[in-house]
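You will see two complexes here that share chain A, one where it goes with chain B and one where it goes with chain C.
What follows is the complex of A and B.
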């Protein structure tokens, strides 16, 4: 456990030290605020646009954080940093879980900053309270980082350095439409992820209520899927030669 | 070897657990937002809502570039509207403002789009959409479809606050559509049919308040006012309208049944004041009321004593 926390800690500290992370958050805030300029062009839908844009940009920012994981692991394996770290007593599974947790923490911090900034912009622009569904849908965006990070870990171990980020982005993209496979037992939700389960962007715009029970269940699903993807990655990683 | 076995067990348990949870969550998600099932099946990365926002702005821009929506471009406008609906079926502007654009060029398609919106559970509090569906049916369809429009007008009234608070505009269209249907069925003129419809509504409402029938339409002051106007139009018709004998008979019956305590002139249905012997509007002799039974002095409304003799009334 201590090894995992040590790797995760060094990972998030390294990433959060980068100024580009805060520049990304700032850019998202600017883009969210720019939705206010579309009141005429959208015939008065700028409030809805602001809510939606904040969720969309938060999702994209989360994916960007996760993508950087697919660069980080192959880079460490290539440069021999991982082999140094993997000297005993640190196991390969610990290394993967540490990286996963580290990047999820980075994602949570980045997405939370974006969400808080968006709430602030919404509040001062419309003088309206932040609806529960707005909060819940932002939490779901943050929770979706768990399975996405696990997918990134899996692909960065199983695929070559150049292919891994592309495949991760494609899988994350298509995983929002995998509900079409609903009738296939075990495959749907077990092997192929359904990231649309976290998608309540339209509901946030229209203030449609969702239950906390759903939020908890979807978090459990994210953890279950992350377990599957990380265990599979660990299995592949255990058979891999590291320089 | 042992470690690999643990990994395999974790994978199997996680896959089965994930599958069962995902099945459950998918059903719950459809219950929470039922219109999700109607969204475009294209892989859009879950960005349907944002795409609808962008598409809406393009649509507004596109409409701005058109002089009019006619047979040449209506298909394009409809295709854009349908795309918008597949991204976000809950966007009311698609129906309230978008569908309005094609209502003259393609009223059938307009009603089809609006009908889908009427069935949308997320738009069930919107009264404008069903009203507009009915409006297009009676105003833009050739021939007008009054019979089916009634359902939409009724839906609009119910959504705008129920019986007594029903929007007067929706109610007007509702009564008129019913009158048109009745006129067609019983070969009546429009005004006679409207008079009959209003009387039937009042009759239903009265029966309903007595509990004789389980359901009824709209019993309100508004209905009485409409009925009075219709009676006056029949008894004192404008130059372009000649009421039939049946219509006049019906107006007399309504005056007796509905306005028995309203002191209306039986000839022109104008209200007259206490002590009046003749109608001020048409000169017909009327039944005098509001006099002291002892001295025949005209009493002030609500008086308990005669102002001339001081006798208790």
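What follows is the complex of A and C.
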């Protein structure tokens, strides 16, 4: 466990010191705020638009953080950072879980900052309290980082460096589009995660209540899928030569 | 496997698979033993299989045949790495971390207790002359500084075995001198050192054992002085001892003169000549040193490779 925390710690320290992370958060805040300009265009639905935009942009920011993991692992393997770490008493599975946890932590921090900023913008724009569903829907965005990060780890280990981010983007897009593409049941039968389960945008916009039990069940499903994908990645990684 | 052997490989083989091509044999039945306490130089031209061997020993690369044991355990044993220090050929570390933070993570992985970790990190940074840079980000370091941090992380756990891939690469002459001193200090502490290098003069200076590899095959291995062998002997004739010089110079295969005027005569390894030289030396009133002349490692290395390439 200590090894995982050590690797995760080095990962989030390394990423959170990149200025681009905070630039991303700032850009999302600006874009969320700009939803207020569309009151006429959206026939007065700019409040709903702001909620929808904050959730959508937070999801995109989360995806961007996770995609950067598919660059990070091959880079570490190629440049020798991973060799140095793996020359210590650190199992390959621990290394992968450490990277996954590290990036999930970065994603949680980025998405939480965006969510807090969105709540602040909503509060000062409409002088209304933040509803429970808004909180729950932002939590679901953050929880969706877990299976997405596991997918990114799997593809960055199993696929060549250039292909891994492209495949991850495509799979994450498919995974978020299960409601629209529900007629491909085989694909969504467990191979690709159904990330639409984490999508409460409509509920948040129209203030429909959902239970915490449902949130917990979806979170557990996400963790279970992450375990499956990480186990598969670990199996592949255990046979891989680190040049 | 004997307790006094720290690295043992037997018929170690590695074939790299290639798409639509025949596999590339990087290591061919390599069998070596590194005795405890040795400073073992692992030599060979580029592509000889040195890094492949080292990476198999560190379980970074999987062998396709044979066995590799490190400190008495199979090389894939994760726990044994607590007793090993490793420096990769081109060390790279997380660029956003400071030198101290990076070594702290290494210390955590090496299970060094937190109370002990800080002083230990400061000590190794002092050893590699990087203490003034401990709070600077690794991303701002030069190649030589990275190499020093690499050495620091390798000796952080006071390992029983140091495995170093081209440790002298990227270091200036001062750095190389300091590094050789570090290796000898580690040996004096009781550690065994196994390292690859292209700088043969340095290897000759600090190694007591060497192995030479070419195209994945072991050409020779063993004690350095045994491998280089006595190729003859030399006598140093003090200045103004013309009588002795006159008698010996006709038998010498090679002559040279020192700055103080003394003559260095090199004789072939011949018992008859040795007897005559000893007789002349014993009669002389001056003290004349007669010592065995060894082949230079560089000459031996190139001769060995040339012979192998001829086959």
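The criterion applied here is as follows: the second predicted complex is superposed on the first by the 228 of 243 C-alpha atoms of A that agree within 3 Å, B and C clash if a C-alpha of one lies under 4 Å from a C-alpha of the other, contacts with A are read in each partner's own complex, and residues count from 1 in each chain.
The rule we apply is simple: a contact is a pair of C-beta atoms (placed from the backbone, for glycine too) under 8 Å apart; a residue touches a chain by one contact, two chains touch by 3 or more.
Bear in mind the structure is a predicted one, so any value in this text is a computation, not a measurement.
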### Query
Looking at the overlay on chain A, is there a clash between chain B and chain C, or do the two fit?
fit
### Message
After the superposition on A, what does A:52 contact: first (chain B), second (chain C), both or neither?
### Response
first
### Task
Give the label of whichever partner, chain B or chain C, reaches more residues of chain A.
B
### Task
Answer with first, second, both or neither: which of chain B and chain C does A:9 touch in the superposed model?
second
### Message
Let me test your reading of the model: by the given contact rule, A:17 touches which partner, first (chain B), second (chain C), both or neither?
### Response
second
### Message
One more residue to check, A:80. First (chain B), second (chain C), both or neither?
### Response
second
### Task
Considering only touches as defined above, state whether A:241 meets chain B (first), chain C (second), both or neither.
second
### Query
Who does A:128 touch here: chain B (first), chain C (second), both, or neither?
neither
### Message
To be precise, I mean the smallest distance between any C-alpha of chain B and any C-alpha of chain C in the superposed model; what is it in Å?
### Response
12
#### Entry: Residues of chain A defined as touching chain C within the complex
2-3, 5-7, 9-11, 13-15, 17-18, 79-81, 83-91, 239, 241-243
### Message
Quick check on the complex: what are the chain A residues that touch chain B?
### Response
38, 41-43, 45, 48-49, 52-53, 56, 59, 172-174, 176-177, 179-180, 182, 185-191, 194-197, 199-203, 205-206, 208-211, 214, 217-218, 220-221, 224-225, 227-228, 231-232, 234-235, 238
#### Entry: Footprint of chain A on chain B - complex, ascending
3-4, 7-8, 10-11, 13-26, 28-29, 32-33, 41-50, 53, 56-57, 60-61, 88, 90, 93, 97, 122
### Query
Across the complex, what residues on chain C touch chain A?
16, 55, 58-62, 78-82, 84, 86, 88-97, 101-102, 105-106, 108-111, 150, 153
